[in-house]
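Letters are used for the chains, namely A, B and C, taken in the order the chains are written, and counting of residues starts over at 1 for each.
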Amino acid sequence: MDFKKIIIVGGGPAGLAAAIEANRCGIAPKDILILERDRELGGILNQCIHAGFGLHMFGEELTGPEYAGRFIDEVRARGIGYLCDAMVLSISAEREVAFVSPTEGFCRVKAGAIVLAMGCRERTRGALNIAGSRPAGIYSAGTAQRYVNINGYLPGKRVVILGSGDIGLIMARRMTLEGAKVLRVCELMPYSGGLPRNIAQCLDDFDIPLYLSHTVTGIHGKERLEGVTVAKVDDDRRPIPGTEEYIECDTLLLSVGLLPENELTKEAGIVLDRITGGAQVDQSMQTSMPGVFACGNVLHVHDLVDFVTKEAYRAGASAARFTAEGAAPAGKMLPTAGKSGVRYVMPQKLDANGTLDTDTALFFRVDNIYRDKYVVLSVDGVEVIRTKKRFLEPGQMETVKLNDTAIAAIRAGSAVTVSLE
Amino acid sequence: MKYDVCIIGAGITGAMTARKLAKYALSVVVLEAAEDVAMGATKANSAIVHAGFDAECGTLKARLNVMGCAMMPAETAELDVPFDRCGSLVCAYSEAEMAHLEQLLARGRENGVPDLRIIGQKELREIEPHISDDAIAALYAPSAGIVCPYELCIAACEHASINGVEFRTGFRVSEIVRRDGSFLVSDGRDTVECEYLVNAAGVYSDTIARLAGDTDFDMRIIARRGEYMLLDRSEGGMAKHVLFSCPSANGKGILVSPTVDGNLILGPTAKAVDDREDTATTDAGLWEVQCGARHLVPNVNTRAVITQFSGNRPTPVGADGDITKSDFCIRPSACVPRLLHLAGIESPGLASSPAVGEYAVELLWGMGLSLTEKETYLPGRPEKIRFRELDDAQRAALIARNPLYGKIICRCETVTEGEIVDAIRRPLGARDLDMVKRRTRAGMGRCGAGFCSPRTVEILARELGVPMTEITKCGGGSVILNGGEK
Amino acid sequence: MSTVIRKTCIVCPLGCHLEAELADDGQILLVRGNTCRRGESYMRDELTDPRRTLTTTVRLVGAENDAYLPVKTDGTIPKGRLFEAMKVLSGITVTAPVVRGDVICEDFLGEGVNLVAGKTVEASSCG
């Protein structure tokens, strides 16, 4: 059986960065293999032609293809191995990767370390369970984005968007610029899940109304979508009878959330986090399976690709270290948890014997909109970090960087919590 | 040209009849109103091969159900269609329902259902770990099974097609004229002439009888909508058998069943609808489905939905308006010579279908159709590749033969470009997204076809030699890219 | 008397909640809520001459897979000219190969910005 020191599953921003960092850490380019299922590297960034990527990494606003292009260029310049149109079918505990590709056929390759970077998928109509007929014209926002930006076709002319996630907002502007009429965006929650600036530049700029606390309750039309029923929802997110309104449209775009795509992870027996939908990892991005690391949207859904890149650098470095040093002796693992307003914390555990420095950060999301709150990090109930935040929104990922006090407390402690006060 | 036999309707009944007629030296044409076969009740039902204890003793339903169920392993094997004889359980929750099980047991035995028996709570829990604690006993029918109904129908049509049966889809019969001992069947644009006419038109079988001038046909067909939810494979293990409640419990008949593809299916409701083609789901219906399913399997995660859908069953209503005791209407017309009705076939129409097909041939023979077996007859259908079911070596060999089998298009269901191209090029080949989905499962997974549909549209456009803007979801006006090229 | 105008800053993903106080004659008295200087200048532009970067695609020929090329303006253009720009671009076709950063249109719409390619696309090997 063939052997590669590091196999990276996915050639999007996470996989590319992990590969580059593994190479920087001393793994020869030919010992790294990126397996990408699409026909080119870059992942979903290839269809994200809008600007807004790279402010943290490069200090400038790049489009998705530009951001991906910089990393693709570097992967090529370094001579790192990659294979497109290659789909990984399974991963075993022995780190055996089975994949297929039109050029290589069916292959099994043993890996010294594996980096999972498969990204995420969009939540579907099925998951929302909206009643009605099943005509053409209902697409997830990302699917519509592919049709418009990659294929060059408009999926429809009169559009209602359900969900105010960033892709939905971006597509509202994109379809408007291409000549479609976006009638409204409905959001089930009383706040938007998208970045505030996207509401400003994608909706407000084009006078597209955003209806908060509204949802789609009915779908009409036999062949092509003819209209949808929207209704206001109450505090429990149930439609309020009498508020229904019929809107004539030929397209419904769904932007109702992203789900880490962890089929491979799950089948491999790796422990998943119920809230993030991704693997549970420690600060080195190692999953419950030794030598298997995860980063990017497959781990938890990010709102900025810059953070994906940083996370992937960490995963790539850890994978490189693992291939050189082997599994570290099992040390003390501290679970992390979110409390009072904090929905989840990633990493889910901290290895007290592992690398803990002031670059180590905990990422978290809040469960509602908060103003003027303190973010408090405690070890065994004792507060070690307190920072003030003016705004906290579920749509924005937050971070707490460790300081020396926190690191000392973690090395001696047994559990870490992040909470709002 | 004049056909020996014309079958109206390419649902499972028409398909099985065509397949059985394909053995003989006959010219046969099947007319189907929809763009594909299997588009009516066949597309959207419980996917159950019932054992045969439901129907009243002595009815056609009872006889054909038990016979069809017995034939199903051989039929599916010949057609290369997955079939799982997983057995069924009718669960009882009270003494009154226990009595009902006894009735079903007695009726089933009289109908000839094999190995039927009542099991107690202990055994029930052993063989069905997630069943409700309140279920105290069950009627166990090991001969019941599950099959994908549209796959069976498509397979039967493919088999008929390679044996010379013609299929005309998009042919919605609007006129039937009898002239010089022939039928002239027309959709307003095209006319087909035939000697024998078979009415297998499902929810429209009363309409076809009337068009054919059968004044004696007094059965009215109403469409009864059945709503379903199809759950993710993650829920597939929640039922090992087809699980029924007693019909009296809740007064509803929601079942929970595994599918041959590893999903879990919940449903159906039963509500008469005016528009026979209105298959919209409703909030009330879906709620009923969820409640009914939880009655059987309390821990089923009804949020893990892949899709929800509904189908309209052709329910016969007798002259007295009663729908409960109606039998299949399978008989030659009493007043129109050489017209055969295969009407009013609702559940267990799928289970009965192989037997209905054979019985239909027998009846046609009795009506004067001469049957000579043809030497060129091919059993089975062309090889169908299912990449996800192959082992390593088979996969390697397949990709070496054709690299398109190495390109995964549907990542959720592991469907390759090679299989999609096959589906387009096979007999009765796919021309739209849903046809590809029914033939390959591409788009049946948890991403809701989000990833694969743009790629499948590209492949369809390339293979059919048309622009992407002409590709539809399900024929007609269901274009995917309604806004045109940008 | 002064009026307060509120806007969400679009300069970076932070999305600061900006406020500007205007005098009766429309003069900007004060901008607050910004956390950087670019935020203030964004608010001032927004009240006088709102401008946006345009990102879109143009037709591409001669490539293996790509039928469209992502492009962007390398500076901002007046917000009011976005649709005019889209119309101009619908008539443009680019031929592969193209390198990320290549100028597709110089001095686009006479606004002193260039339209540049967002992606490197090689020419199709089969010509």
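Note that in this section a residue touches a chain if its C-beta (ideal position, glycine included) is under 8 Å from a C-beta of that chain, and two chains touch if they have at least 3 such contacts.
For clarity, every value in this text was computed on a predicted model and none was experimentally measured.
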I'd like the most central chain, judged by C-alpha centroids against the all-protein C-alpha centroid. A
Hey, which chain ends up farthest from subunit C, C-alpha centres compared? B
If you tally contacting C-beta pairs for every chain pair, which pair wins? A-B
Between subunit A and subunit C, the Cα-mean centres are separated in Å by 26
Between subunit A and subunit B, what's the gap in Å when you average each chain's C-alpha atoms? 40
Whole-Å separation of chain centres (CA-atom averages), subunit B against subunit C: 54
Junction residues of subunit C - those touching two or more other chains: 57
Out of subunit A, which residues touch more than one other chain, so two or more? 150-152, 178-179
Using the touch rule from the top of the page, what residues of subunit B touch 2 or more other chains? 486
In the complex with subunit A, residue positions of subunit C that touch it: 7-15, 17, 52-57, 59, 65-68, 70, 72, 79, 82-83, 86, 100, 118-120
Along subunit A, where are the residues that touch subunit B in the complex? 37, 85, 87, 89, 98, 100-106, 108, 121-122, 124-127, 129, 131-137, 139-140, 142-143, 146-148, 150-157, 175, 178-180, 217, 219-220, 222-224, 250-251, 263
Taking the complex as given, what residues does subunit A use to touch subunit C? 39-40, 46, 49-52, 55, 61, 63-66, 69, 73, 149-152, 177-179, 195-197, 199-201, 204-205, 303-304, 391, 396
In their complex, what parts of subunit B are in touch with subunit A? 229, 277-283, 285-286, 303, 305-309, 392, 395-396, 399-400, 403-404, 406-408, 411-412, 414, 416, 446-451, 453-454, 457-458, 468-469, 472-486
